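Presented sequentially are two complexes of chain A, the first with chain B as partner and the second with chain C.
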Partner chain A sequence: MSDTTPQLPPGPDAPVTSPAIGRDEWVARHLDRRLPPRLGILHERLQNVPWFAWLVLFVAAASLLPAITSSGYVRRVGFDTVLYMLLALGLNVVVGWGGLLDLGYVAFYGVGAYSYALLDSPHYDIHMWSILSIPLVVLIGAIVGLLVGLPSRRLSGDYLAIVTLFFLQLFQTVATNGDQMFGHNVTGGANGLLNVDPLDIFGHDIAVQHEGVFAVAYYFIALGVFAVVFVALRFVNESRTGRAWRSQREDPLAAEVMGMPVNWLKLTAFAFGAAVAALSGSLFAALNASVFPLTFYFVLLITVYTMVILGGQGSQAGVVLGAIIISVLLELLREPSHARDLFYVLLGAGLLLTFKLSRRLAIVAAATVAFGFAAHAIADAIDHSWVAGTAGAWASGWVIVPERLASWVAPVSYVALIAAALGLTLVRGLLRTVLLVPVLYLATFVWENVMLAKPEPTRYIVLGVILVALMIVRPNGLLGEKRVEVV
Partner chain B sequence: MSLLELRKVTLSFGGLRSVSELDLVVKEGEIVSLIGPNGAGKTTVFNLITGVYRPDDGEILLDGRNIAGLAPHRINELGVARTFQTLRLFLNMTVKENVMAAAYARTRAGPFRAMLRTPGMRREEREIERLAQERLAFFGERLMGYRWNQPAYSLSYANRRRLEIARATATRPRILLLDEPAAGMNPAETHEITELISRLRKEGGYTILVIEHDMHCVEGCSDRVVALDHGVKIAEGPFEKVATDPKVVEAYLGLGGTARK
Partner chain C sequence: MDTDKFIQLTLDGLTLGSVYALIALGYTLVYGVLKLLNFAHGDVFMVGSYIGFGVLQALGGPADPAVPVWAVLVLITLAAMAGCAMLGVVIERFAYRPLRDAPRIAPLISALGVSFFLAYSMQLLFGAQQRDYNTFALGGGDLYFKGFHIGGVRVPLIRDIIIVSAFVLMLVLWFLVNKTRTGKAMRATSFDREAAAMMGIDIDRVIVFTFILGSALAGAAGVLFAIRVPTQVSIGFVSGLKGFTAAVIGGIGSVPGAMAGGLILGFAESYTAGYWPGSAGTRWTDLVIFSILIVFMVFRPQGLFGRADIKKV
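Then we have the complex of A and B:
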C-alpha cells in the first residue's frame, strides 16, 4: 500500500534537512544513538521510575523485617541501621549538597541526644512529652548548627574542616567535664546521663522491651521518621534552596553574582544537617535510656562519612544504601561465625567486579584453589599438625590452618600480605594476574589464622579495604552521579 | 537617562593601580563595548560593577543609586547580571537547573514551604521552570529538549558560553555584562554571537556592556566603544573613531605601530 501513496510536498512542520543556525543535529538525532534497543530502553525506563516509587518500595520491604524474624537482635540491628540512614541523610545535606566539609557533624548528634536526655530524665526531673521534646531538640540542633556556622560561614574546604573538628572536640570536653560546670552537674560527665525516658505517646511510655524482646514499635517509629525526613529533604533539594545550595557548592563566586546569598545558604545547609543529626540523637537517647560522651566521637564520625562516601555523596538513595551496607557489614563482622563466610563472598564479589564474567576470572579462582590444595597437601605431608586447625566450611581442605600458630607467623604473614598487595599494584598485565594467585591465597591464610581471631580491629580494617577498593573503581560512590571537579 | 554610571572609580592592588579614576556611562537600551589590550583592567571593571571588588574611591550608580560596596547578590537583585570570561557554570548540575538556580533572587518560597510543597511554592516552581525553558529556547534547539537534563559539564565549549548567557538573563537583569562572549569561538560562532547580542537587546530589552577582543564582533554589535589601557580610559565614541584613534593603536601595537603607519 505504502508505495502507492502519493508523496505529499513537505509542509512547514517537516523536519529541516539542511543544517540551520540554532539547530543542533546531535540533539535532533540522539534517539538513534542510544544503547542497543532493549538494553537502552530498559535503562531509560529504570531511570524514569520516580524516586517516591523506590522509596515506597523500600519502606514497604523494610517494614517486613519484623515479620520475617522475631529475633530481638536483628530488630535492634535494624533500628540502628535506620538511625545510621538518618545520620547519613543529614550529613548528605551538608557535605553532598552544601559541599561543606563538616567534621563536627556527630557533635550535633550528641547535642540532640543530650538535649533529649536533659528534657526527659530524672536528672532535672523534667519529663516532657516526646511530641514536644523532639521538635524542641530539633530546634536546639538547628540553632547550635547556626551558631557553629556563624563564625565559620566565610570558610570553606580545609579551614572549615579544622574549625568544625575543633567544635567536635569542644563538645567532647564540655560533655566529659560538664559534671562540674560552674559548680553544677549538667551533663553527668564521663558517667553520662542515665535513666532517660523512652518515647511516649502523650505521656504513655512506649516500652523499649516487649516481653523481653526489643519492641518493634521503635523500629517502625525510626522507619517512619526516616521516610518523613527523606521526603522533606528531597523536596528542599528540588526547590530553589536546594538548587542554591548546590550552586554555591559548584562555584561560590558565580552563585553570589547570580543573586544567591552564599553565606546565608551555607548557614542554612549547616543548620539543616545539624537538625537531622539532633533528631537522630533524640531517638538514640530514648532507645538506649542513657547517653555517654564517648559515643559521639571519631569512630562514629568516620563511620558516617564512610557511609556517605561509599554510597555516593549528593545522592539520597546512595547514602541510604551506604548506611545499610556499612551498618550491616560492621554487625556481621562483629561475629566471627558470620564474618568467616563474608570474607569469601566479598573476595568473590571483588574478583567478579575486576574481571567481569571472563575466562580469566575462572582461571584465577581455579588456580587459587588449586594452589591451596597443593600447599595444603605439602604441609600435611611434612607435619600433620600444620593443617590440623579448624577452618571454615569454605576454607577446609585448601587453606592451611595450623593447630597452633607460632607467634611469629601472624605478624610476618600480615606484613607480607600488605607488602604483596602493594607490590601487586606496581606490576601490570599477565604478571599481575599470575602473581594475584599466591596473594589471594595469602589473604585467605591471613584471614583464617590472624584476622578472624581479632574481630574488633578486623572489622574496621575490612571496611577500610572495601573503601579503598571502591574509591578506585567508583570514585563517586555506588549511586553517586559522575562528577567533574575542575574542567 | 544613564542606567549605569561610574564616577572616578579607582581600585589598587597593593601598589598597582588597576583602575584609575574611570568615568563610564551606559544609557538605557545601549550596547557599549569595552576594549583594550590584555591587562587593561576590563574584567576588573566588571568585578567592580558586580560587587566582587569594592572600589577604593569613586561611585558606581545604578539608576542613580550608589551600589559601590554592596554584596554581589544584592547588586544582582538590583538588576546587574554578568557572564565570566573563564566560564563559571555549575558544572555538576543540569542545564535547566543552572538557569533555574539563577531565579533565586526573584523568588520567595523558603525551605519550609518547599517541605510542605504549598500551592504557592509549586506555582512559583512552575514559573521558574517556564522561565528557564524560555531563556534556553532563546538559543534555538541548541539547549533544548534532551539537553535540559544533561549535566552542564557535558556541553561543548560554545554551548557553555550560551548557557552562561541564558543563566545571566534568568536573573531578570536590566543591564547585562558580557565578558568576552566570543572568546574561543570559531568565525561562524562569533558571527552568531554578534547577532545574538543585538537580539538580546531587541527581544530581551537588556542594556548591554560587553568586553570583546574580536573587532568584527565589536563593530557589528556596539553603539559605542570605550577603550581602556592600564586602567585609564583612552578613547570613547563610535567604532570607526575609536579603532583609528592613535592612542588605541598605540596601546595595542606599541609606539612602533604608529610610526610605521
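Then we have the complex of A and C:
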C-alpha cells in the first residue's frame, strides 16, 4: 500500500457537508484539512473557469501557431500533435471512461487510414468526396470496433486485451500481405497505398503543399475536427451513457444490478474509441497521401497509451496535455542537439521538483558538478583519449566523453545505470541523497555516450520508462482524478 | 509422399509448439498467482535468446567452441535461464510489486511499459539486426546431418534436442508445481491469495519463485528457438503474443492447458503453412490463429483446461 491518503474528488457542486453513507469520515474530510493552495484565490478562480472557455482559449492559442512561424516543419509537427490529441481523446473514451484495456486501438486508426485510402485513391480508381468518405470511414471504424469487441463481450479486461492485441497483429498481417489476398491486390502489401487523394471540398482538392511548404489549411482542419470531437465526446460523457460508462468501470457488478446493460455499454465505449481513431486515420491518410502497414503498430500504440496515462485517464484536458507533451518530447529527442539540452533541463527540473528550493538542492547540485569535474580530471590524467570526444559545448569539461567508445562500455554503463537507479529507490534518507550524486553523473555519461547516438530506440525507452514510473508514482497522471478502490 | 509431408509438418508443428508451450507456461504461471498478464514475458524470451548468443560467442563461437558441443548447448541454455530468472525477479520487484493493490489496469500498463523498455534497450545496445547462432557450424553440421528417420522423413538432431528439452523442462515444471512444498504453496496462492496468506504462506516468496520459474522457462525457450532460427529484437513481441494466445486457448492459469495450447498453435501454424491453397500459407498463419482464438473466446472462454470463472458476490 502507498502511504498517501486516499483523496476523494471534491463534490462537483456541493461542498462536503457530511460524509455520504459508506464513506469514511476522515477520508471524506481530507480536503478540508489541506492547506489552502499557494496561489490562493487565483487558484480557485481558475478552477471555476468553465471547460468550454478553456477549449476556446486553447484552440485560439493553437491557431496562432502558423502565424508565429512560417516553418513547414513546425506546422507539420503541429498537425501531427493535433492528430495525436485526437487519438488520445479516442483512447480516453475506451481506457479512461470505459475502463477497458484496448490494445488494438491503433489498428482502428489503421482501418480508418486504409479505408480512406481505398475510397480516395487511384488504387480502385474511386475518388469519393471527403464529405462522404470521412463519415463512411468513421462508420466503418465503429462497425469494425463492434465486431472486434463482440467476441469478448462476456469477458473481463484481460481477455479483451488479448483479443485486441491479436487484432493489432492481424491487422498488420492483413495489411502487409493484402497484396495477394485471393489473387487480388487489396492493400498494396508492404509497399502500402500511394497517391491517396488529399481532402477536398465538394470535389475541389485542398493541396497538402502550398508553394513547397506544408499547407496551413490541414492544420486548421485538424484543429477544427479536434474541437468538434472534444465537444461531442464531452457531451457524451455528461450524458446518461457517459455516466453509465463510468459506473460500470468502477463496479460492473453493481452497475448490472442497477439494470445497466454492461456489455452493451462496453461495446459502445469500444466503438466510440474506434470511430475516433478511424476519423484520425482518414486525416492521416489524406495528409500523407500514402499509408503503410508499419505505421499502425505497437510503437504507436504505446505512444498513445503514454499520452493518455501521462495526461490522466478520464480527463479530456489531461490527455490533450499528455499528447502535446509526448509529441513535442518525441520530436525533440529525434535531434541529438535538442535531446542533449532537453536532458539537462529535465534533470534540473526533476531535482527542483524533488528537493524544492532547499539547501539540499544546492548541496546535491554542487556535489554533482564537483563530482563531474573531479571524475573528468582523473580520467584526463590517466589517459587523455578518455575525454577527447566532443560533448555538448558547456558540458565538455565536465562529462567524460571518450574519443572512441569501447564496445563493452555501452552495455555495462547502461545496465549499471538501470541497476543504480533501481537500487536508489530501495534506500532512504541521507544515503539516497549521497548516492544520487554519482547516479546523476552516470546518467549523464550514458545519455551523452550511449543514448544520444541512437535517437530511435532512445525515444521509445523514454516512453517505456515514463509508463512504468507513472503507474507507480502517479497513476492518475497530470490531471486525472485519483481512483479510490472501495473495498 | 503425402504422408511424408504430413509427418514433416507435424514435426514442424511439434518443434514450434514446444517453444510456444514453454513461453505460454510463463504467462500461465504468473497469471495463476498474480492474475496479471505479464506482457513483458515475450521480451524476456527475446533477452534469453540474446544471452544464449552472447555466451555462445564467449565460448569461442560456433565454429570453434572451447568445450564439447553438448556442453555448449547446455551452458548457453543454463546461462539464458539464469539471466532471465534474474531479469524476471527484477521486473517483478520494481514494476509489479508496487502495484499489487492498484486497480487491475495499472500493472497491465506497467507491463506494457516494461516490454517496450526491454525491447528498445536491447535495440539500443545490440542493434536491430538479426543474430544467427549459426549452429550449422557447431560440431561440423552434426546437428543437421545426424538424426533418425520416420517413414521417408529425416528428423535432424537439432529438432530432437528442441522437442526433448522442452518436454523435459515441462516435466520438471510439472514436478515442481505438483510434488514440492513450494509448488503446493503456488497452487494455494493461485487458488486464493488471501486465504493462502492467512495459512502462513509467504506470498512474496511464492510470487518471486513463480517469476523465477516462468522467466527461466522463457530463457530456455529463447535459446531453443534461436538455435534453429536467427533471433532479433522484434521476435519478443510476436512470440510473446503467440505464447500468450496459447495460454489463453489452453485455459490461462492451467499448466497442462499451456502445453496443449502451445502445441495447438504450433500445429495450426505448420499445417496452415503446408496446406493453405497456393503457396502463401505462411502469410496467413496469424489469421488462422486469430480465428482459433475467437472461436475459443465465443464458445469456451475459459479455454481447454481452465476453470470457468464464477464470480461470487
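As a convention for this text, the second predicted complex is superposed on the first by the 435 of 487 C-alpha atoms of A that agree within 3 Å, B and C clash if a C-alpha of one lies under 4 Å from a C-alpha of the other, contacts with A are read in each partner's own complex, and residues count from 1 in each chain.
The criterion applied here is as follows: contacts are C-beta pairs under 8 Å (C-beta built on N, C-alpha and C of every residue); 3 or more make two chains touch, one makes a residue touch a chain.
The model shown is predicted, which means the values in this text are computed figures rather than measured ones.
Number of chain A residues touched is higher for C, counting chain B against chain C.
Of the two partner chains, chain C is the only one touched by A:309; chain B is not. Contacts of A:258 after superposition on the shared chain: chain B is touched, whereas chain C is not. In the superposed model, A:163 makes contact with chain C only, not with chain B. In the superposed model, A:410 makes contact with chain C only, not with chain B. Of the two partner chains placed by the overlay, only chain C lies in contact with A:450; chain B stays clear of it.
In the superposed model, A:246 makes contact with chain B only, not with chain C.
Of the two partner chains placed by the overlay, neither chain B nor chain C lies in contact with A:384.
By the document's definition of touching, of the two partners only chain B reaches A:232; chain C does not. Chain A residues 253, 483 lie at the interface with chain B in one structure and with chain C in the other.
Per the touch definition, chain B reaches chain A in the complex via residues 50-52, 71-73, 76-77, 81-82, 84, 88-93, 97, 100-107, 109-111, 113-117, 121, 124-125, 128, 139-142, 144-147, 151, 153, 167-168, 171, 192. Interface residues of chain A, counted against chain B in their complex, comprise 21-24, 27-28, 30, 232, 235-236, 238-244, 246-247, 250-251, 253-262, 268, 272, 314, 481-484, 487. For chain C in complex with chain A, the residues that touch the partner chain are 31, 35, 37, 90, 94-95, 98-99, 101-110, 112-121, 123-126, 237-238, 241, 244-245, 248, 252, 280, 283-284, 286-287, 289-290, 293-294, 297-298, 301, 309, 311, 313. By the touch criterion stated above, chain A contacts chain C in their complex at residues 1-2, 95, 99, 101, 103, 151-152, 154-159, 161-163, 165-167, 169-170, 172-174, 177, 180, 253, 298, 302, 305-306, 309, 410-411, 414, 418, 422, 425, 450-451, 454, 456-458, 460-461, 463-468, 471-472, 475, 483, 485.
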